[in-house]
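In the part that follows, the structures are each spelled out as structure tokens.
Below are two complexes that have subunit A in common, paired first with subunit B and then with subunit C.
For the complex of A and B:
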């Protein structure tokens, strides 16, 4: 019984880690720019496909594949910023929402078409024999996912709190007009936020791909729904909140699948989001509503 | 709208709600567009510059109205955001005129509360923080919007009393927008009266204060202190 519960707990935490790695960047970008970048989850997918191209396509070493994939993911985020986010008037959130959705569709279908709508397998980056502790099975890829999530979420929170650039980023997130008043180069800060957000999502794509070992061009579809729910429930812009809510959602989903039925898995996040929007629109961890 | 601020003096803009006082300040800071007007500092046109360049190169610093501190950040972090601008300005050849230590000496309460989140400060303390942060930016021209909003007049006089010295010592030119006309005319040496976005009178503030006709018409009727009755945003 305990072993079973622990197994579901760890399955839930690994699901939740996936959500966290995507939601962190989404919420960071929202904080700084005040816009919802629906295409953000596609960075996750682009990293997986870049890795596939380098390792399987060009038959190059996996280490090189990892480095190039992370770089490509960060670059993809910046390209979306330069081509779309920067050019559309922030006063029209619907236009931004629709255009990032458009980017998402185009990129996903372009890549899916190139591989004839298949789901190619990935070469493992890091694997190991399962480790069994008291009946609970740990696999290398899952431990890697936990480690990467802990390092990236913890590192991001620490960086925002302690570094000079992190302070500027928080300033822009709290009040973009005030940030200009104290001579913060908001354009530069925004680009840093996008690059960091995309870096985190690209790392997420790689460690999750290392677990599933398949490349799915449409992985972002279900993921962006969760990313959205996690960010809203946590309080959009709250990085620490997104970490806690993401992990919690994963665990609840895992237990629901185990004890209630898998058809309910995707419902929980949406219900939680609706309830939070009704009773506490700023989110569980949202402190202030954004200005500017 | 045509107005000038003499170096090292305090000039005030007075006028009823909606006269364009706050908009004028924001346009000078580059927060909103000034077309077709021009903004010059020491004869140099800065109208096309970004807010950031106006601050770094010309020391044009705005203190916006209301809650103009970063409330989720600590007092020390807020001051640091000002000090880093001062440092950057000194790299551009404008020596820093004010240090964080001096800010703490000027407003001891900020030193006591330096690790507290700015949102836990009182309205007056937040205003002190906003002013101290702006002084750390080595301003040459300080644009102050409604410093007395939500504060007791006595406190505003006290804050300005402390600051007048600092302004004089560093020859900071101040353009003050203030609902409380009696305080504004008392602090400033020069005053402009605005209506519907245009200057309709310009005089030394002592003269403006004693002009009963102007006071009756624009600065609040019947009130012996000459205080305006509106408290909303201009």
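For the complex of A and C:
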């Protein structure tokens, strides 16, 4: 019984870690730019496909594939910012939002077409024989996912709190107008935020891809649902909140699948989001107001 | 007159036009919705269920599908009553996606296979009739006092509120009426394809309607219809000659269209065709 509960708990935590790794960047970008970047979940997918291209396509070593994939993911986020987000008038939030929607549509369909709408399999980055501790099975890829999530989420929270750049970033997300008044280069800060957010999502893509071992061009469609749910329930802009909520959502979902039925798995995020929006629209950990 | 092939494309175009009109209406009321593909899907499932399982006549199914879309829209408006702007838009994506995932896991309505065996009742007269009716209704309501209130609330919620306009009733109207039109489109689509499946509801089919709307121009109901009909035909015409052009083929159309959408938004965030009315000129002068 305990063993069973623990295995569901770990399954849930690994599901939750996936949500956390995408939601962190999404909420960070929203904080700094005040826009909902729908295309953010696609960075996750771009990293997986870059890795696929390098390792299977060019037959290069996996280590190189990992490095290039992470770099490509971070670059992809920045390219979208330079080419699209920066060029659209900030006075048109709907246009900005629809453009991120458009970007994700372009990227997904372009990549899907290149692989003829298939689902190629990936070479594992890191695998090991399962380790069994007291009946609970741990697999290498899952432990890697936990480790990466812990390092990235912890590192991000610490970086935002303690480093100078982190403080600048928080200043911009608290009040972009005032930040500009005190001569903070908001453009530079935005770029840093996007690079960091995309880096986190790219790492997420790789460690999750290492577990599923398949590359799906439309993975962002279901992933973005969880990304929004986590960010909204936590309160948009709250990085620590997104970590807690993401892990909790994953665990609740795993237990639901185990004890209630898999068809209800995707309903939980929606229900949580509905209740939070009705009772506390700013989210559990959210601030009330954002200026600029 | 029209060849069966052309009539068929017009049915599809008019179906899309109805959904785009619904999206236009919701956006006009100041509510940013990205769930119209789902509302369309709900209407399609309802209509398909009505004709296949309940054996109801097609016109009744159309009305039922429309109401199902409206109920879906009202549900979204109810959930989001304390949210607004872009956050609202994002949440509508999540809600739409949840509808799709629920349909996928609900075996009674066909699960991921979708609801099949729907009789092919959607003919050009039906599609034309519904589109004309929908367009006329939208144009009529816009000229009534309530229609002006909706547009006022869409432009500035705070000012509208200060004038005593109920924002909630505007929202229910935007999502309810918009959902109704999308639902009608869904019934037509289901009875055109003979099947409706969870992919029709999903977020992946949503950008299509934004492409229609943005290229047609957000600023009028005619633009929404023109965009949907024009682009559907354009996509069809690109099929001729084997659909091959340089290294591109038919399956390259989605991302090319998306690219056009993004480029148009960068150049002109208000949509490709802007209708300059007195009001927009005044709004421009203020800014």
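Going forward, the second predicted complex is superposed on the first by the 291 of 292 C-alpha atoms of A that agree within 3 Å, B and C clash if a C-alpha of one lies under 4 Å from a C-alpha of the other, contacts with A are read in each partner's own complex, and residues count from 1 in each chain.
Here is the rule we use: a contact is a pair of C-beta atoms (placed from the backbone, for glycine too) under 8 Å apart; a residue touches a chain by one contact, two chains touch by 3 or more.
All figures in this text were calculated on a predicted structure; none of them were measured in a lab.
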Overlaying the two complexes on subunit A, which is it for subunit B and subunit C: clash or fit?
fit
Consider the C-alpha centres of subunit B and subunit C from the C-alpha centre of subunit A, and write down the angle between them to the nearest 10 degrees.
90
First (subunit B), second (subunit C), both or neither: which does A:218 touch?
second
Tell me the contact category for A:185 with respect to subunit B and subunit C: first, second, both or neither.
first
State whether subunit B or subunit C is in contact with more residues of subunit A in the superposed arrangement.
C
Per the contact definition in the header, classify A:170: touching subunit B only (first), subunit C only (second), both, or neither.
first
Could you look at A:229 and tell me whether it touches subunit B, subunit C, both or neither (first, second, both, neither)?
second
Minimal inter-chain CA distance - subunit C and subunit B, angstrom
12
Counting contacts the way the document defines them, which residues of subunit A are shared by the two interfaces, the one with subunit B and the one with subunit C?
none
If we count contacts the way the header does, which residues on subunit C are in touch with subunit A in the complex?
27, 32, 34, 79-83, 85-87, 89-91, 93-95, 97-98, 101-102, 105-106, 202-204, 206-207, 210-211, 214, 251-252, 254-255, 258-259, 261-262, 265-266, 269-270, 287
Touching residues (chain side subunit A, partner subunit B) in the complex
164, 167-168, 170-171, 174-175, 177-178, 180-185, 287-288
Footprint of subunit C on subunit A - complex, ascending:
35-36, 38, 84, 87-89, 91-99, 101-103, 105-110, 113, 117, 218, 221-222, 224-225, 228-229, 232, 236, 262-263, 266-267, 269-270, 273-274, 277-278, 281
Along subunit B, where are the residues that touch subunit A in the complex?
29, 31, 51-52, 55-56, 61-64, 68, 70-73, 77, 80-82, 84-85, 88, 133, 137
